[in-house]
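Below are structures written as structure tokens.
Note that subunit A is present in both complexes that follow, paired respectively with subunit B and with subunit C.
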Partner chain A sequence: MILLHLTLRSLWNRRASLLLTLFSIAISVSLLLGVEYIRKEAKSSFLSTISGTDLVVGARSGPVQLLLYSVFRIGNATNNISWQSYQDVASKPLVEWTIPISLGDSHQGYRVLGTNQDYFRYYRHGDKRLLEFAEGKPFAGVFDAVLGAEVARKLGYQLNDNIVIAHGAAATRFTLHDDKPFHVVGILKPTGTPIDRTVHVSLEGIEAIHVDWVGGTKVPGYQISAVDALQKNLQPKVITAFMVGLKNRAAAFRVQREINDYQREPLLATVPGIALAELWQAIGMFETVLRIITGFVVVAGLLGMLTTLLSTLNERRREMAILRAVGAHPRHVFLLFVLEASVIAVLGCLLGAGLVFIGLLAARPWVMAEYGFYLRTWIPDLNDGLLLAVVAVLALLFSLIPGAIAYRRSLQDGLTVRV
Partner chain B sequence: MNYPSILLSLCLTLSTSNLYADDHTHEHEEHGAHEHGAATLALAVGEEGLEIMLESPAANIVGFEHAATTDADKQKLADAVKKLKAGAELFSMNTEAGCTLKSAEVVSALLGNAAETANEAHNDMDVTWSFACTQPAELKEVAVKLFAAFPDGFQHIKAEWVTDKGASAVELDKDDTLKLTP
Partner chain C sequence: MNVIELRNLHYRWQGQSRDTLAIAELHVAQGEHLFIRGASGSGKTTFLNLLAGILHPASGSLTILGQALHSMDNAARDRFRADHMGVIFQQFNLLPYLSVRENVQLPCHFSTRRKQQAGDMQATTNRLLEHLGLDRNLWERPVTDLSVGQQQRVAVARALIGSPELIIADEPTSALDTDTRDGFLNLLFQEAAAQGSTIVFVSHDPHIASHFPRVVDLAKVNQTLIPSTPNPK
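Take a look at the complex of A and B:
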């Protein structure tokens, strides 16, 4: 006990340099914990984007690619699939519901998703939560649109506003569907998923804005007004992909195999969780690299502490000699150093954890406003505790070096040390 | 390992990964992926229990893929089927789930019970095991022992599973226990 007291007093005496050491350890620890947090959050955010959907079906490409473009709006479809194929799968006895998806157009950088009312009835995210409306209701008419939370907030839209959809990703004057504006009938609550950044319209709406287009451009002199377009057959011939809910999830592989063996068109069905796991295996390497880097940063922080302890060894020879003279055993001198390092390491860990906690709290409103992503409060789990323990043990091991040196010297040095 | 052999093994890795991409399809023809040493294992947990499906090139299990004509080949084939049908030896679940093997079905062109005939150079063997479980909700772990049972066959198995809670996948390269969590 008296040793701990001595340690603390001795540390306090050298507080300026030790405070810097403490900070360097705290920052490296917070980096270590922060990387772990981001890794876990990114994974759970990906996992929570889609839940309750048993299969995603699209043109044959790769499962990861299909999932990325259909659910996460990353990248583009290689091919579309025919309405007929969609109907064939939708009518299978094991299929409970389907949600068709048609992508390709955009509004001010936000993707436009053509679908039907089943989207609002069956699409689930997070812990099997349905989409909720902040205002308004699902689209009913051909030219109705439902906005994701971020689209409405960033572009300042309200119910009953009119929006013009651009053809493809471009937004030049010639590629606007400005003759057929859409009417905002609903705004969704934030979900923290790509849905927030999506404009939802009906499949018929997508079809209608393209009725007077040929080969991807407007035809001069040939225009069909929004009213006339409604008279046309707006049944889409192709869609981009569709989601499937099954009556019995255990049948997922059987239905998947049937769809993959579909003879009329090469289709690909994938189980979202499995495609996600594949994606995670693919990027797992980068995770490992990131962890190795943070590991080295922690070691660098601890080496900084070792440097501080070693560099003060000479200055403290007299201190040790006096301690010996008043009756301290050499092993007490040794323990003094180990205790010192432990105190610094433990304080560094606590400070680092505090930095992560406060940093996340402080960043939360900004991240929510900018990215529509809710940062959960950081609560250390067993894994984090283990990491901190490893840091503490490493610090202890490092401190054995100055401890041993001081131990040896304290046996040799008399009171007449010339420093 | 010297430099050229590293290059060689790199090329081999690249070329085998291309085999995966080889399942492109024309309008009416299917060419399923077929990579010796690799297999897909799909586990589905339902209300009645667990269904396990294995899709594998026959070579992984039997050692050859031509139609069995000699007595030795026929014996090997019969031995392999017998081994496969003893599903309780190949998989074990955590006991709380109370799972018992209900049926095992082996389908292969080599056995003459598949849709296609065995005149192609490569033939698959598809196995379906059904386990009945008294407490399927308690099913948390499935130990896969296929590598030990067929030591000369499997190199890596892609294991996928769906449960009520979610779905996931993992790549196995030795016998291991699958934890059925998303």
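Take a look at the complex of A and C:
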């Protein structure tokens, strides 16, 4: 069609100034799509911080709080639960595996998590992935430690380094367990979850560093050396929480009810997926904010295009008169502007999409190495298609303004424009 | 048959209290190339726009090629112009982003009639450009590479392609020097005669008038008697 041909040739003729317009639209579109991508990935990554675990059990509080301290290492447990309760639940016939966790100590601001070998055997995250070791192996001895990827990287630890654990979250000198240092035997691969920021030790290790403590402080004049501590009974009496894997997932709600109705101690069992979704809803407000901001960025890009179109109106009067002379109707002139805006918008969308695609590919190795997060290839879905369609329609609506002005002018000017 | 028949034609710009143009009668026969002399302000612009079907007369009749332009709607007049008229401006006749060839062929994209009459469009374009003395190596070049005189000849080729019955020329020689001007006029007459087109040529330059078989002074034909009416555009 001649109008499209004319539009393209005319655009090409003014390519230098239009290129900037095109880029501003492309960048705003790539921002829009990029934010959508990050939003979706952040959500799916958040929701798969823990996977394959059917129940998380802790002292009775709220499900979100339980999840926060047991999975995200945020905040503290309101209470511990007894070893006996843990054993009772672990021995239920429907339970396939359990992972006990004991929290409360820290190392240079990173939480220390006491657990057992089952942690490395059963804990899954992301797409049901088990923990993998970058170096070394799971802890075996009482004073062995396994570091999360970020802990090792940020603090520069290697295998066989010794680390000292602090009591509680503070790191003052008096609360250090400096008489019983731990030995780094393993470093995990990055997972993109709070595990990267965790120091893992055995439950016995947690017990051992507290044998000579009473009520949360060192007892003056009462010291038991690391060697002597190994001779003590290191069977923990309490733990903070535990994860449960069931033989049959369908039984999750039944087992949950049984645990919640446990008579000897007030326990709370929660299905992590549900609590995660609840938590996401609570913090998901930023999604909306991000979307609004990128929406405005796109509008700004399109306003730039509108400005360019309007500024060319005068210099294109002659062009319109020529077209009128060879038989074009003012409607054709109008269409010329709408087509022009559409071509710019479509090219801007394609370029923007290309930028997202290439940008993510380029960033993938770096993000993987730095954050242990695998950037999936960007494949536009229906939602992205809709967003692009909205951009195109918006561009079309904007172009109605210069189109209408050109229409009116070409009616008035006719064949006689003195420029 | 008369190419143009015009009776009691009146035109008034919106918001004006008096007519800009009022012509009692004017007939132009086929091949009777007409020179319309008009100083600026004589209603020349209005007359051309009426003739080309851009403006619609307030009253009176304007018949071109037997078709009543005054009773056509805007779209029909645009179609009529595309089919039956070639227009040449004073200058800047060409779209800067198209090649010489594409500019010449432009009317054929807006009129199937012109396209059919042009027959083999490439051959017709070549013939016209050759007749008008444009060097072959200019044909595929952007029009911005051409001199003003060359551009005006391309404009003639564009006005002539598809053999429209009426050629409307609005001071096409004003940007040319005298030598180029005479050559240009000769070419225009020659090509118009070759395909039987009638030329209506508007200019304020009395020297050109001698080339034409018929001359009409707009200041005398226009009965509004207010030669200084400003163009409100």
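Here, the second predicted complex is superposed on the first by the 372 of 419 C-alpha atoms of A that agree within 3 Å, B and C clash if a C-alpha of one lies under 4 Å from a C-alpha of the other, contacts with A are read in each partner's own complex, and residues count from 1 in each chain.
Here is the rule we use: a contact is a pair of C-beta atoms (placed from the backbone, for glycine too) under 8 Å apart; a residue touches a chain by one contact, two chains touch by 3 or more.
Quick caveat, the model's predicted, so the values are computed rather than measured.
When the two structures are aligned on the shared chain, A:Q412 is found in touch with subunit C, with no touch to subunit B. Of the two partner chains, subunit C is the only one that A:N13 touches; subunit B does not reach it. Contacts of A:I2 after superposition on the shared chain: subunit C is touched, whereas subunit B is not.
Of the two partner chains, subunit B is the only one touched by A:S51; subunit C is not.
In the superposition on chain A, A:Q263 makes contact with subunit B only, not with subunit C.
Of the two partner chains placed by the overlay, only subunit C lies in contact with A:I322; subunit B stays clear of it. Of all residues in subunit A, those touching subunit B in their complex are 47, 51, 54, 60, 248-254, 261, 263, 265-266, 271-274, 276-278, 281. Against subunit C, in their complex, subunit A makes its touches with residues 2, 6, 9-10, 12-13, 318-319, 321-332, 412-416, 419.
Only residues 24-25, 27-28, 30, 42, 44-48, 51, 53, 160, 162-164, 166-171, 182 of subunit B touch subunit A when the two sit together in their complex.
Those residues of subunit C that touch subunit A in the shared complex are 45, 48-49, 52, 54-55, 74-75, 78-79, 81-83, 87, 89, 92-98, 102, 106-107, 109-111, 158, 170, 233.
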